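Following this line, the structures themselves.
Same chain, two partners: chain A is paired with chain B first, then with chain C.
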Partner chain A sequence: MKVLTLNFLTCAVKSCKTSVDSFPLHPKDAELVSDDVELNPQLLVNLLPRIDWNALRTTATELGFPTLPEQPPTPEELQADEKMLQDLHKLLMETQISEGKLVCGACGHEYAVREGIANFLLPSHLV
Partner chain B sequence: MLPTPSTSHVPYSRVYEPAEDSFLLLDTFSQDSETSFLSTRFPAGSSPTPLLLEVGPGSGVVLAFLTAHAATLLGRSDVLTLGVDVNWFACEAASETVRRTVGEVEAEAEGVAGQVDVGNGSGEKGVKPRKSQRRSGHLLATAQGDLASPLRPGAVDVLVFNPPYVPTDELPTLPKELADPTTATTTTTTTTTTTTTTTSNDSEKKKPVPKTTYAQESTLLALAYAGGRDGMEVTDRLLASLPEILSERGVAYVLLCAQNRPEEVKARVRAWESERGRWMAETVGSSGKKAGWERLQVVRIWREGV
Partner chain C sequence: MDYLIRFSQSHETFRLPEIEALALLEGVDLKVISYSLDSPFCIVRLPSEDAARRLIRRSILTMSIHELWAHGPDLTAVHSAVKRDTGHLWPRYRTCSFKFSIDSYQGSRGSDAKVRIIESFSYLGFEGPIVMRGADEEFVLFEDWPFNASRLGIPEPNYFYFGRFLGGGARDLPKKLDLKKRRYISTTSMDAELALVTANLALAGPGKLVYDPFVGTGSFPIACAQFGALTFGSDIDGRSIRGDSKKRTLRANFEQYGLLAGLGGMFTADLTNSPVRRTALRYDGDGVTGRIFDAVVCDPPYGVREGLKVLGVRDPEKSLGVELRGKEMYKNPDFIPPKKPFSFLAMLDTILQFSAQTLVDNGRLSFWMPTANDEDQEIPVPTHPYLEIVSGLDDSSHTAASPTPKWTRRP
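Right, the complex of A and B next:
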């Protein structure tokens, strides 16, 4: 699963949906692999408004990527900033989590990731 | 006609094999009316990247089709796609189907763009190889889960669901060991291999092939078609989650069969309350006409006037 996925996922436990702590899920013991994807600046620019920047900063730091700036770049800034384009491209489009866990900050539930597939099925007492 | 993604690598003993319902979805998305609806709803260049979720991708035939042909079907290639299926083998199969199909489509686009002789008999030699435009969107992940439960509220722009729609007396439940087949592997393999297991090489250890029993496989296939009461038990849960899961501009495509009483389903959706705009439900594709009745249809659900 691409790291970018974490920006769209949350804990599957119903009562966690309204808790701010359930997003983003926190990777634990994550093994990362990298895909070769061609850089597409327009894709990253169109993606910006879809991204929860604070959550992405958290994810980047937790996975050991360089710290992202506090504020997201504007489309113009991003287009003109080759380094930022490269960094975001690598983090969002190329990096995959292949093994590990995703932990909910609200209920503590750990979702296993195996062979790149995260398992969000809940044990019956959490449904 | 866009080619149907190849799913010949998919283990059909555990994963739903593409059938009339799957093909109806491909046909529906290929129609001019649908491509123009989607490209108007998500205008390329001026609107944020759409996120597409297929619930229950099975073999991945529909997810691969939509991902690989995003530029044709949605009018843009900056489309992100996701699949969520209860069946782990479906998650694995679907992501492989998408990977292969995107690979083929992009290789072909490269080939055409890079061709020196355009091959139309004009003999235009010496045309400079140019870099091709990407045709495909990007698969983010496939994940094991129940319906759209792992998604953030309001995140999904296009949702596709070919549900288990056949009326049945009971709804199958996923056996515990199949909720996580990758860990079940070790116990299953040791019980099945009673003879000559002194050597096992490293590569086998790294990527265990989960084994399934015949009974488990029947359950996995039942999960793909058995819809309980009126064939609507799973679909009703998905429909109920739409107002929360779809973005304001979001649109869902849900396949129904005649026994699901599609007219009633559409009327129910249209009566949903909405703070902004109003809910719409229309049949946008159908197949298998029998005595004036459509056996299968695809219903599009969206908010107008938001």
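Right, the complex of A and C next:
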């Protein structure tokens, strides 16, 4: 599962939706792999407004990546900054969690990731 | 200038919506002059030759587009219109290599008759070499014959169109993505041609994000990735994504077509308990809203071949034991959560609500649904205050006769 996908996902438990702690989910015992993906600057620029930057900063730190700047770049800044493009591309598009867990900071529920596919199905008492 | 679109005579109700979607996608100003479901010929007005080529280059239901020189009910009318309106164009093609052909819809002619008709255009004065393959220019006379013309002994077509070939559609893509040659499919995999048309209706393209909440073996994401989109998907049954964990997996399908760059992320989830981040519904119009997807595309289970299930237990009081066992067991990696049947209509509402919460402004929801239930009662197209219906289509060739309504996110 790409770090990009992680930025789109929160805890599936309905009562957690209102809690700020349920997003982002926190990787635990995560095995990381890196895929070779061709850099697509236009895609990264399009992604910018859809990414929750604060959550991405948290995830980057938790996965041991260098700290991201406090503010997201503007589309113009991103397009002009080759290093920033490369860094974001590596983090969002190439880095994958292949095995491990994703933990909700609000309810503590752990979602398993196996073969890169996270499982968000809930037992009946949490539905 | 007017142009002639030569459609394929299949999935007729999808043809015009597909072209209209592509006009939007390519930023082409399109005006339809004449169109009928019964004919593969459609006259459109476009700003330029280049716009005409761009309009149809990724159309699945278009065979070709032509600069329209003349049309009429008989050859005499065609000739007089060619002479009246296009004399200024003839010198441009005087010396280039060229090819002349006749495309007879629902009819045919002997080769002698064809040659005679082609030679009747000799006044155009083309002196270049005639080349059957790779000619610089190709001129086509289209004939629209009445149905069953040869058996009824009808001697002449109803109508003629004459034009210069400009470009072809993407009729090769359904062959490329053909299910028969795909590594990994299931009983409900969507036909490649219809998946590609759906991707066009959803305006899938480079830099766009598309999500399929009933992804199965990935037919829609593959079609959208073929057009350059980054695709996401989920399924309540993770096994459909994982396949046999070796050669037959959803990922392997992307690999087979060289589309891995378009594979964003796949996960196991239930749309009624979705983990996808959503924003509160509001009209803001600022374009930056935290909403994620450009399109939601899906073929939800109708309950015919696959039962529609969501998380939960059917009767909480009777199934207290199940829930308690789940409470003890759910941390076990092999735990499979209980599921309950769900109404298709409720799922439609869930899909619309989800789409309104996650689509960017002008994003599109494009999905398949049955037109009638088991008792043959019509199922109305659902509506949502934040979504506007772009088109509702009918396709009787699809199992259970499904229209694919399409919504766009109101800004």
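FYI, the second predicted complex is superposed on the first by the 127 of 127 C-alpha atoms of A that agree within 3 Å, B and C clash if a C-alpha of one lies under 4 Å from a C-alpha of the other, contacts with A are read in each partner's own complex, and residues count from 1 in each chain.
Here, a contact is a pair of C-beta atoms (placed from the backbone, for glycine too) under 8 Å apart; a residue touches a chain by one contact, two chains touch by 3 or more.
Since the structure is predicted, the reported quantities are computational estimates derived from the model, not experimental observations.
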Fit or clash - chain C, chain B, common chain A: clash
Contacts of A:Pro49 with chain B and chain C, given as first, second, both or neither: both
Touching partner for A:His125 - first (chain B), second (chain C), both, neither: second
If touched residues of chain A are counted for chain B and for chain C, the larger one: C
First (chain B), second (chain C), both or neither touched by A:Glu110: second
When the two complexes are fitted on chain A, the stretch of chain C hitting chain B, from 115-123, 205-213 or 313-321: 205-213
Chain C-contacting residues of chain A that also contact chain B: 1-2, 4-5, 8-10, 12, 17, 23, 37-38, 40, 42-43, 46-47, 49-50, 112, 114-115, 117-122
Footprint of chain A on chain B - complex, ascending: 45, 47-49, 51, 77-78, 80, 82, 84, 86, 88, 91-92, 95, 134, 138, 140-146, 149-153, 155, 174, 179-180, 182, 207
Residues of chain A defined as touching chain B within the complex: 1-2, 4-5, 8-10, 12, 17, 23, 37-38, 40, 42-43, 46-50, 93, 112, 114-122
In the complex, chain A residues that touch chain C: 1-2, 4-5, 7-14, 17, 23, 35, 37-38, 40, 42-43, 45-47, 49-50, 52, 110-112, 114-115, 117-127
Parts of chain C lying in touch with chain A, wherever the complex brings them together: 206-209, 230, 232, 234, 236, 238, 241-242, 245, 260-261, 264-270, 273-278, 287-288, 290-292, 311-313, 316, 319, 322-323, 326-327, 329-331, 333, 335, 337-338, 360
